[in-house]
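In the two complexes below, chain A is the common chain; its partner is chain B in one and chain C in the other.
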Partner chain A sequence: MMENQLKIFIDGIVNYFHHTNDSSVFVGSPYLINDLDEISSDYTGSIAISGSYEGACHFTAPSALVRHLILSFGETDTSESMISDTVGEVANTLSGNARQKLGKGFNISTPTISKGRPCDTPTRADHSRIYAIPISWKSYKAALGIHLN
Partner chain B sequence: MHRLMIVDDSKLIRHKIARQSDQKLFDVVCSAANGEEAVDMLKQFNPDVVTMDLTMPMLDGIECIKQLVEIDDTVKILVISALNDKATGMEALEEGAMGFITKPFNENDLRIALMDMVIED
Partner chain C sequence: MNFLGRYTSIIITTIIFLALVIGVLGTNFYLSFQTEANAEVVNIAGRQRMLSQRIAKSLSNVNSRYQNSRKYTQQLTELENAAHLFNTTLLAFKNGGVTQSTKSGLTRLPPVSESAGIAAIEDALVLWQPLNASIGEISLSLQETNTAQNDELNSQLLSTAHAYADQNINALLGLMNDLTNHSESIANDAADRSRLIQTVGILASLICFTVIMYLILGQLRVADLARQRARQETDQIFETVSQGLFLIDREGAMGRQQSKALESIFGVKLDAGRNFKNFIAPLLSVDDLTKVERYLKLLFDPHKKQRLLVDLNPLNKLPIQIEERGLIKNKYLNFTFNRVSRDGKIIGILTSVADITNEVKLERELAAETVRNEQQFEMIKVLLSADGELLPDFLKSSSHTYEKINNILKDPARTSLAFKKKAVSILALVHKTKGESAAMGLNFISSLCHEFEDEIEHLQNKPSVSGDDFISLTVMLERLMSTNEQIDSLFNALNTPTIDKATPNSESSDTHSSLTELAQSIAARQGKKVYLSLAGLENLNLPSSTRLNVISMASQLLRNALSHGIEKPATRVMRGKNEEGKITLALFEENNHDYKLVCEDDGNGFDFDTLRKKAFANGLVSEKDRTQLKPNELLSLTINNSLSSKPSADQDAGRGMGLKVINDLTKDLGGKLALQTKSQEGSRFTVRF
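Right, the complex of A and B next:
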């Protein structure tokens, strides 16, 4: 995975949080991890990537961040099902937006949601490295995990 | 008053579109969570404007647009999708969509795009 590809996702994160009522998001430097467990939080939305690329994109966040995010959109339903829906939608948006630069061969799946430890996805390309992009929004920490070949 | 159908697999987005669409112009008559539901609901509720996600289970947005236009070629479809590449936008327009906005979107983006759908009426 190239530095310019990571930048596409970093720009996507910044753009996404600029559409909330508190646009002051901090995106840290990407770093390599061996397993998604190292960054997994309360809820994870995962998108499988296929076509010209192979891999997955995972948005993982604590429930408190997701509740706050939901409220920032003017939504009052902060139930568990809405939290699951929201982490999936964030993962979908961050992955989908990458197509502007990565092209139509960057195919994305519908989201899979995990509570707690992310499910083992069948989409991790062999030996592909996972990059974690740390996200700070309000007082919360979340992350985007990406592995792409 | 225009009859609006919202098609998106995300409840958060369905609620957001319902809340942020101009309620003096649009009456949300139904919401579908996938393309198959949308095809059924088009026949049942007869909306004249549709907001359409593209990445959905069961029946994706592009295929759903084709089927909706086959049933009613006067229906006006606004695509609201995270897929923001030019090729996808062109494909949606070729299949019969009239407009395209990308996620994330704000209330102003939505209202202007929906207004564009019905302005000639």
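Right, the complex of A and C next:
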């Protein structure tokens, strides 16, 4: 079950990058971390998960990756707000993809964007481990952080 | 009935009021006719006064003209008409009858009934009748042929009549005046009565109207108070009830009255008149929204029984997310729908919304707790029989292994080959934990490790491996880590004297029984029979970490001997052996702190031919080198390349990890591994450390 949820989020991020002009996105082997800080980059888009599972999914990426992503879509505005919007859009796409596949029992919130260290969600009060999934696109490294109880 | 009862006094007073109004109007109508009639009587009586004067004057004129031989026809006619009208009217006053109206036409006079009037009429008749008779005679006489004799008679009649008139006409006038005054008095009395009646009627009507107004206002006040009280009660209920309450009408619009809790449940104020479907749509999938629409239709269908619809409610335990002060909050809501009917017609649906988040969470926690308890109970049973001294080392060692596995997973890799190498590295680590846990009797861990190994094998068999293929491994690693934490927590909680103060004998018996149990369970799985002889593994004067390695190595050697060495009973019998195989596991202290672990079996011996074929099949050696490989070279190849003589892997062996783990453990102990083997006679592994 847990594998399915993780796979849906991974597929979501891969599909997102497949829509760029450089679709060669690589997913590393998932591993476990105890703190989001271990993977957090410049910008993090987070969505809260509730329903059958309680938890959150975070997409964290360096600003350079997001800027490059923006340019690859033909946009020229790479301002800070645009970077935030794009990280939010990635998280939103993940959310929409997961909602579509998991249905009613899997509730997903609208994304929140944080710059720097992301806020941990209250649902991880038990300090359960987080699944870290490394993402490589071009020469950049991003990651998904997922924890579900 | 209830309605009539409540308004009886208002209805009765209204009827009385209407009766009074009708009575006053009717009386007024009647009296107006009466007044008109009375006025006519007064006018006619007044006319009698005028006629008496006219009769006197006309008689005088006729007499004068006749005496002076002048024409008198017109005056005579006036006299006759006036006398006739006076007479008719006077008789009508006396007896009742018809006379000339003062306006036009005829009018009927009632007979005068009051004594004063009657007296005036009677007296007037006494005076009038002789004059009237004289006027009649004059009229007849004057119409006859004018002769001398006649002339004298006429003159005499006129003179007599004139004299009578002169003498009595004033009296007659006075009597007619009395009659007029009398008639006026009657008319005035009637008018006074009429006014009185009207005044009384109007006053009664006003009183009645006032009573009606008082009663109506009283009823309205009572109704208003009741309504106000009901409203206050409703408001209080809506203010304090913890559920969200509102009505949905046939068009799906939400009602104006909503409980205060609704706002806190949804985090927003719900607009009255907003369509319920539109409101709930963002919280539901398209399918669920369709179900809600259908359900509401069913609720408004009078042919469907409400109690049968309860189970169809699609908004049961609805998970929602709302934003409160910038934070996303997850909630579970229960919607219940009840029909509101009036006169047997469904006019709306009373909807109540309850926030059941805490109940759902508690329910889940309870379910999770039950599962945890069951798992813990199973663990406790195992832990109570486990080696209490070795367990912390096992936990430490396995945690260390899991960390190593996690670090391998974390290492960057992009090619399929790199990922496969990761898998191999992880396999050896998991296999070690599997052996240790099996030796400790922690079967639930060894089962998890076995699943882990299966998944790695699945990966190895895939033509191409990528990062997301490791998802299952990571999830299993998390389970292993969590299991370790649970055991650790339980072990600390159960750190009772029984475990804490375990005696050496009990330790050795724990180790012996675990190894015996492991041997018997492997033998049972593989359809073999075995006798395990154990020696020297008790009273080990070794550090616990070394002891764990020794026991782990012993379990790997045992697993190896059973899986690869001991034949199935039929084969053994065919080879002239006892159908029960024998394995001896013994630990000797050779010199001070030098040990020798020996594992000997009377089985098949090392299957070098199969290993040579596998080495060739895996591309490790050429066809030519294959035949020339010496046993120690083949052993080295087997250890370093995870070769196995078994055609397929099972829970106990076949992945080529056993010897590698034994070799790694030997290295960890700083020892040496030696093998002696003879085909179909058996093998002996010796580890010196």
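Just so we're on the same page, the second predicted complex is superposed on the first by the 143 of 149 C-alpha atoms of A that agree within 3 Å, B and C clash if a C-alpha of one lies under 4 Å from a C-alpha of the other, contacts with A are read in each partner's own complex, and residues count from 1 in each chain.
Note that a residue touches a chain if its C-beta (ideal position, glycine included) is under 8 Å from a C-beta of that chain, and two chains touch if they have at least 3 such contacts.
It should be emphasised that the depicted structure is a prediction, and the values quoted were computed from it without experimental measurement.
Student: Looking at the overlay, what does A:Pro134 touch: chain B (first), chain C (second), both, or neither?
Tutor: Once the two structures are laid over each other on A, A:Pro134 reaches chain C alone.
Student: Of the two partner chains, chain B (first) and chain C (second), which one does A:Gly96 touch, if any: first, second, both, or neither?
Tutor: First partner only.
Student: After superposition on the shared chain, which partner residues are touched by A:His19: those of chain B (first), chain C (second), both, or neither?
Tutor: first
Student: Contacts for A:Thr110 in the overlay, against chain B (first) and chain C (second): which applies, first, second, both or neither?
Tutor: both
Student: Applying the document's definition of touch, where does A:Gly74 land relative to chain B and chain C: first, second, both, or neither?
Tutor: In the superposition, A:Gly74 touches chain B alone.
Student: Is A:Gly88 contacted by the first partner chain B, the second partner chain C, both or neither?
Tutor: Only chain B is touched by A:Gly88; chain C is not.
Student: Touch check for A:Pro62: first (chain B), second (chain C), both, or neither?
Tutor: Neither chain B nor chain C is touched by A:Pro62.
Student: Taking the stated contact definition, name every residue in chain A that is touched by chain B in one complex and by chain C in the other, in rising order.
Tutor: Overlap of chain B and chain C footprints on chain A: residues 103-104, 108-110.
Student: For the complex, which residues does chain A have touching chain C?
Tutor: Residues 2-3, 6-7, 10, 26-32, 48, 50-51, 54, 103-105, 107-110, 112, 122, 129, 131-134, 136.
Student: List the residues on chain A that touch chain B in their complex, please.
Tutor: Residues 15-16, 19, 70, 73-75, 77, 81-82, 85-86, 88-89, 92-97, 99-100, 103-104, 108-110 of chain A touch chain B in their complex.
Student: Write out the stretch or stretches of chain B touching chain A in their complex.
Tutor: So the residues of chain B touching chain A come out as 9-13, 15-16, 19-20, 55-57, 81-85, 87-88, 102-106.
Student: Help me check something: in the complex, which residues belonging to chain C touch chain A?
Tutor: My answer: residues 284-285, 288, 319-321, 323, 327-328, 330, 406-407, 409-410, 412-414, 419, 422, 466-475, 477-478, 481.
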